[in-house]
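What follows is a pair of complexes built around chain A, which joins chain B in one and chain C in the other.
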Partner chain A sequence: MIAQSMTPTLLTQLNALTGGLFLLSTFGVIAMRQVLGCLKMFILQSLFLASSALLLSYYHSSLHLLAVAAITLVVKPLLIPYLLRRTVGDKVTSRREISQVLNIPTSLLIAAGLTIFAYFIAKPLIAYSGAGGIIIGVNLPIGISALLLGAYALTVRREAVPQTIGILSMENGAFFAGISIASNLPFIAELSAAFDALIIALVMGILIRKIHERVGSTSVGEMKTLREV
Partner chain B sequence: MNNKILFNLLQVMVVMAFSPLVKGVVDRLKELVQSRCGPSIFQPYLDIWKLFHKDEVVSEQSSWIFRFTPYMVFVTPIFVTLLIPVLTDYPLFFAFMGDMLGAGFILALGGFFATLSAVDTGNPYGPMGSSRTRMVGLLAEPVFMTVFFTVSFVAGSTIPYIVQKVWIMPLSNFFEPSHILTMIAFIMLIIAETGRIPVDNPSGHFELAMIDESKGLEYSGRGAALMKWGGSMKFFVLVSIFLNVLVTPWGLAQGNNLGEVLLAVPLILLKIFAFIIVLVVIESSFAKLRLFRIPEFLVAAFITSVAAMITRFL
Partner chain C sequence: MELIFILIIPIIAAALSLVPAGKKFAPGITVAGAVAVFILALRTAFRVVAGTELTAVKDWISADGLGALIILLVSFVGLTAAIFSWGYIEKMVGTGSLGRLRRYYCRYNLFVFSMLSIPILSQVSLVWVAVELTTLLSVLLVSFKNTAEALEAAWKYVILTCMGAAFALIGILILYWGMHIAGGGLFTWKDLVKVAPAIPPSLLKTAFIFILIGFGTKIGLVPLHTWLPDAHSQAPSPICALLSGVETTTVLYVILRLLPILEASTTINTGNWFIVSGLVSVGAAAFLLIQVKDYKRLFAFSTVEHMGIIMVAAGLGGFAGHLGAVYQILTHSLTKSLAFFAAGSVLLLVGSRNIAKVRGLIRISPLAGGALLLGGLAIAGAPPFAVFLSEFSILKAGIAGGHYLAITLLTIFIVIAFCALMFHINRMVFGNPAPELVKPTPALPLPMIISLVLAVIPVVLLGFYMPTTLNKLLLQAAASLGR
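Up next, the complex of A and B:
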């Protein structure tokens, strides 16, 4: 009896913990200076996404969330970083200093503001959630803030690889919020979302490599004009 | 009542007796990680013993502050020890004299006097190092405040003895995101406040790169011994606040008899040893940050503590 009444609270706390660490690793994507550090933070974020899917599958006892967790685990922390590193090449990924529009303390403080904003815009949405409120109340704002933070990373970074990681972490945030509010999403949609991210990573990686070969740098912030050959 | 006073004093004795040992173990472990032999773990005791038997040289130009500071640095951690749980689970005699904010203020008072004395002698390295320490302290302050407010708001109290029970009653509270994030932020705070590696190198001997160590450069003899001892006690106190209030409030004495309280001594040492291993891993796997990168480290700590607050209250 006690075990049964304890399990849901422990489970919701673990879910909230995964959410908190997910949020922290999203901040990490913004805070990191090195390209590889950025990528490592993205890997961490994807691992937390996968473990959140695992916890939710246990909570709803749904098999296809388990499949989602497995796909996420294979695609995001393993396949995407591998593909990015293979296609982009070591010359770009081993860069230590990457340029930003704002310095890191300022952009982190703005990111904190964005997170608070995400909590406020999620509040009216949570009010509509019925039964699963305790999970949605935690996961939806964190997902929205990861979405906003990814978009923010996309705007402040000037280099192509961190921008790609920004897009991918945006996608992670949307996914994180998505599996919490719609646990019965058609399986095919989730499968396609996962492969979409894979294709994004592949295409961007090849594009970055081409840009690097042509121009000699990947700081797309400075490429403003078209040049005729 | 008498017991509580006795235990409170015992707590102070434990902190005074074992804090150099903790420093020795940290140094030894770091040397072992670098595959060197390293000094004995009792070396800090020998250093302090040696310094107490040496003559003290005090500059003629310095004022009373220079002579007064070692006692201040030595006494402030002892006062904090009276307020925090080191050995027992229940509040002791002086526990309600001050809360965690008070403990922070008392520790800051010692730092304030150390800064003044570094400026006092006119040694060029002293003011440089102390102004850097002030910078780190200034940036660490918002982290401390946010952690403190989050923790005390959750517990509904600012007395550390009451706060420590909230995180484990029931046990699932331990896994609350705000708890874990607060822990991460506090580890970063301890690293910054005690001058550990990503922020400062405690074993560096190059004056231009010093942050925390340069405050004690001018001291010799008894003054140097007190500064060293006080510094290691400050580390012990911060770590035991972290372990006993925030992370693992287990293993503290619950009963009121002397045997149980004495049994808590090896347990707290064991917990500190586990923490030291984590600290040594952190210190060995990072390089020292450049001075102007330190704000980034502390902003990261601040963001972590803010995330802890957001996930709990919004």
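Up next, the complex of A and C:
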């Protein structure tokens, strides 16, 4: 069911634009030097996720996806950053330098490589998408690349808050692909997944706070007492 | 109805644990709740054995043979660990901080709830949420000691397993997409098995690889295991028993549920995927066991080894292989929880997790030393304990199926792991106790002794005797892994 009032081409173009911006903001999560910048990029990414859900709800004329867009809008760009800043405290989120294992230009190059790899993973799958191919063909590879980029950000960052953002942006990636390929997932699943993201932010926020109190720093990459001798 | 009560009771117990009413109240409520859940789990198991499946809410909450087995294991270890906590946590926290004690029991009950919901829920998307919850609700238990090491372990744990969960999420969504292409139906395990032959194989394979990476992180498959020995050694011992004994098992259950779905497709060589990932874990863990310096890490690596063995058994395929896998799940959960209870008792008496610091334990405390020796022997797979029988049944199934190379490697690794484990345990239990240890050591609190005894019973008993009902349950569980 393609909605009548907007032409399909305009819709797919808008979808491609949202996808591109989503991917760009994911690159932003990797490129940012400051904790707060990272958080802002995550908020942007979540906003694009919500707008993608909105576009798709129009495309499928689905009330269900509209609700998903609304939940995403409330939970991801608003509640999660609020919770993180609330639990962790401003002292940590306003940290300026993020020490990284690899410098940022190299990181971006690797990120580009990962994106190509994501297209490579997604290509054999897109063949099965049938009529929805024009949407899935854009969203699935972008979702998978956001997943891989988030995992990459997680491994190279040494600071606790950006690692948390890496996790959350991975989930955003999975959902970006998910709303295009599994657009009619039971609503309770979407709801509990959003709830789950909230608990992630809460639990990790509490843990970061404890680490900050106990160890005096949030450079989790420096914690190396536990390992094989 | 049992299934709904099994889910509700831990939540009520969690809420009641926070009631400020004396230091015996929270542990008492927790133990009472655990007893009730265990009785209900037994009832569930009996009813599943009598009929075929137990359904509380159609397509949402149900239990078949495999599910009932996992529920039974979680509830049993949940009970023994709750009793163990009663003695252990009070000693650890001291009587000064009642708030900390209550928070511990509240989180404990919530953690048990999340583990119980994995086998009970039949909607795959909700199972994913439940798996994620097991991580999130146990992180603060892992960091409970609040030392720098415990916090580091908790951080590694949450970061790596949440990363895995995101990978698994996309795998599950692709699975849903495949189901949609194949003609739809509800996103339950049962419907998935039904429509599996119509799902395009490349979708199935991609979904499987994502889920294997994702949930493989959570069960500690090498090379994604790095967090496991840290988290499973830094947590308080009763939590270690839950993490190692049953949390890994519940997640493994989700991976095993994919078996009948994958076997619908002839182009995916499911068996080899399972066998290779399992053998890598068993092999790596066997060699890592040799160099361990910390006895709780010793048992944590042994968990990696056993997860690998179960993966291999599941990959061998055929009814015999599947039966070996579920049998190993049963024996591993029971034995590993005993091993961690023993390790916890030793830690409470000696105060050090260093293997080199513990000597002649059997003379310091015959009870703790005996339990450690028994747990070590049993988990290493010495006859006549249950793990020996289950490992033997796996080897037999492999030889009957003609997987000679896999079985040869598996046998070598198991023998190496056995020697490594026994080498360390032997040094701790026997010999002359170090002079600083020969002081009047405090006696173990009564609840800890009770839970040690409770945990020993099935480990020893299953080596000699298999109750008919349990045997039937295992057969049913194995049957639900095949197509």
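What we mean here is this: the second predicted complex is superposed on the first by the 219 of 229 C-alpha atoms of A that agree within 3 Å, B and C clash if a C-alpha of one lies under 4 Å from a C-alpha of the other, contacts with A are read in each partner's own complex, and residues count from 1 in each chain.
In this text, contacts are C-beta pairs under 8 Å (C-beta built on N, C-alpha and C of every residue); 3 or more make two chains touch, one makes a residue touch a chain.
Remember, it's a predicted structure, so these values are computed and weren't measured experimentally.
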*Fit-or-clash call for chain B and chain C when the two complexes are aligned on chain A*: fit
*asked:* One more residue to check, A:Ala16. First (chain B), second (chain C), both or neither?
replied: first
*asked:* Applying the document's definition of touch, where does A:Val220 land relative to chain B and chain C: first, second, both, or neither?
replied: second
*In the superposed arrangement, does chain B or chain C reach more residues of chain A?*
C
*Regarding the shared-chain residue A:Leu24, is it in contact with chain B (first), chain C (second), both, or neither?*
first
*Return first, second, both or neither, reflecting whether A:Val74 touches chain B, chain C, both chains, or no partner chain.*
neither
*Is A:Pro105 touching the first partner chain B, the second partner chain C, both, or neither of them?*
first
*Report for A:Ile43: first if it touches chain B alone, second if chain C alone, otherwise both or neither.*
neither
*Just chain B (first), just chain C (second), both, or neither: which does A:Ala160 touch?*
second
_After the superposition on chain A, what is the angle at the C-alpha centre of chain A formed with the C-alpha centres of chain B and chain C, rounded to the nearest 10 degrees?_
150
*asked:* Between chain B and chain C, once the two complexes are placed on the common chain, what is the minimum CA to CA distance in Å?
replied: 19
*Which positions of chain B touch chain A when the two form their complex?*
170-173, 175-178, 180-181, 184, 295-296, 299-300, 302-304, 306-308, 310-311, 314
*Flag every residue of chain A that touches chain C in the complex, lowest number first.*
121, 124-125, 128, 130, 143-144, 147, 150-151, 154, 160, 163, 166-167, 170-171, 173-175, 177-178, 181-182, 184-186, 188-189, 192-193, 195-196, 199-200, 203-204, 206-207, 210-211, 214-215, 220, 223, 225-226, 228-229
_Residue numbers of chain C touching chain A in their complex, please._
123, 125-126, 128-129, 132-133, 136, 139-140, 143, 146-149, 151-156, 158-159, 162-163, 166-167, 169-170, 173-174, 176-178, 180-181, 187, 200, 202-203, 206, 229-230, 234, 288, 291, 293
_Residues of chain A touching chain B in the complex_ = 6, 9-10, 13-14, 16-17, 19-21, 23-24, 27, 31, 104-105, 108-109, 111-112, 115-116, 119-120, 138, 141-142
